[in-house]
């Protein structure tokens, strides 16, 4: 998993069928300038520090047929 | 998912069986000079800003037996 | 698999359902400055030298439905 | 998918069971000095410009039980 | 697949259940300083030049339930 910070939303009206309820968020991966678009079902907000799982495990979180998403916020990181 | 811009098409007449209807498009990933060939079922055009899912989730979007494609345009990004 | 050293814990109270018993640990991959968050079921401690498997095989270690974890400590490396 | 050029063959007499008919070819990925070994069922030749799919979708192209190959030439790129 | 050279063994006494018979070997990927730990069922030795498949196809080589290994030596490369 990657630690990352939510930096914004991505909207897509024209898209493939079968995407679940939730949002596409843009995150910036900690300790890198890299940004990534992830799927979110937790209602994460801008500035939130989150844990991101990538690859087919993101899709497999959803019922079959699995949607074509390859990154999912699996938790919000507790601040110490 | 990656944000990317469509830069062209790729044609392949001699190819494996079982590839679905759609197009191979070349995209350039945002904020990197990297280009990638992705499969498209949305009729995306050159210059379009898109969201790309990579890995086996791209193949799993299609009915079983899943075709050997490892990147799929899952949406067009709305311009703000 | 990657060789890595455990450097800390990551806590997430607000998280998706279905995560198994175990801990999120932060590890630093040997020979790189890269750190990664991995799932651990072995009770690994800070400073422990471990073997990490990444990708969907980490999720597949757990019973169906597989949880959305993409990295798992599969062993502690024996010191010579 | 990656665009790549076939640069040679790789032979392996001592190998795991269950590998399908076909060849291991070495390819050089376009726009990078990176080379990769891929599986080929199209009879691709040295110098041919091809499209390569990577990851588990390469294995899933073959009947179950899927062979342990992680890269497959899925087409020859048409020259314009 | 990657071409790599076996450089040593990795031992892990405390490990997750379900790992198959075989060895964890450390390999150095050709043309990079990168090293990787891979699973081996071919009895490969130090100095041997091998072909490595990575990702879930490595696990899928083994009977269900697939063990959490993400890299497998699938062959020894014939010297010319």
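In order of appearance the chains are A, B, C, D and E, and numbering begins at 1 in each one.
In this text, a residue touches a chain if its C-beta (ideal position, glycine included) is under 8 Å from a C-beta of that chain, and two chains touch if they have at least 3 such contacts.
These numbers come from a predicted model, not from an experiment.
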Any chains in contact with both subunit A and subunit E?
C
Using the touch definition from the top, list the chains contacting both subunit C and subunit E.
none
For the pair subunit B and subunit C, the C-alpha centroid-to-centroid distance in angstrom is 31
Suppose each chain is reduced to the average of its Cα coordinates; what separation in Å results between subunit A and subunit B?
19
Scan subunit E for residues touching two or more other chains and write them down.
55-56, 58
What topology does the chain touch graph have (line, ring, star, complete, other)?
ring
Touch as defined at the top gives a ring of chains. Read it off for me starting with subunit A, then subunit C, then onward.
A, C, E, D, B
Can you list the residues on subunit C that touch subunit E in the complex?
1-3, 31, 41-42, 51, 53-58, 60-61, 72-78
Quick one: in the complex, what on subunit B touches subunit D?
10-16, 18-19, 24, 26, 35-39, 55-56, 58-59, 65-71
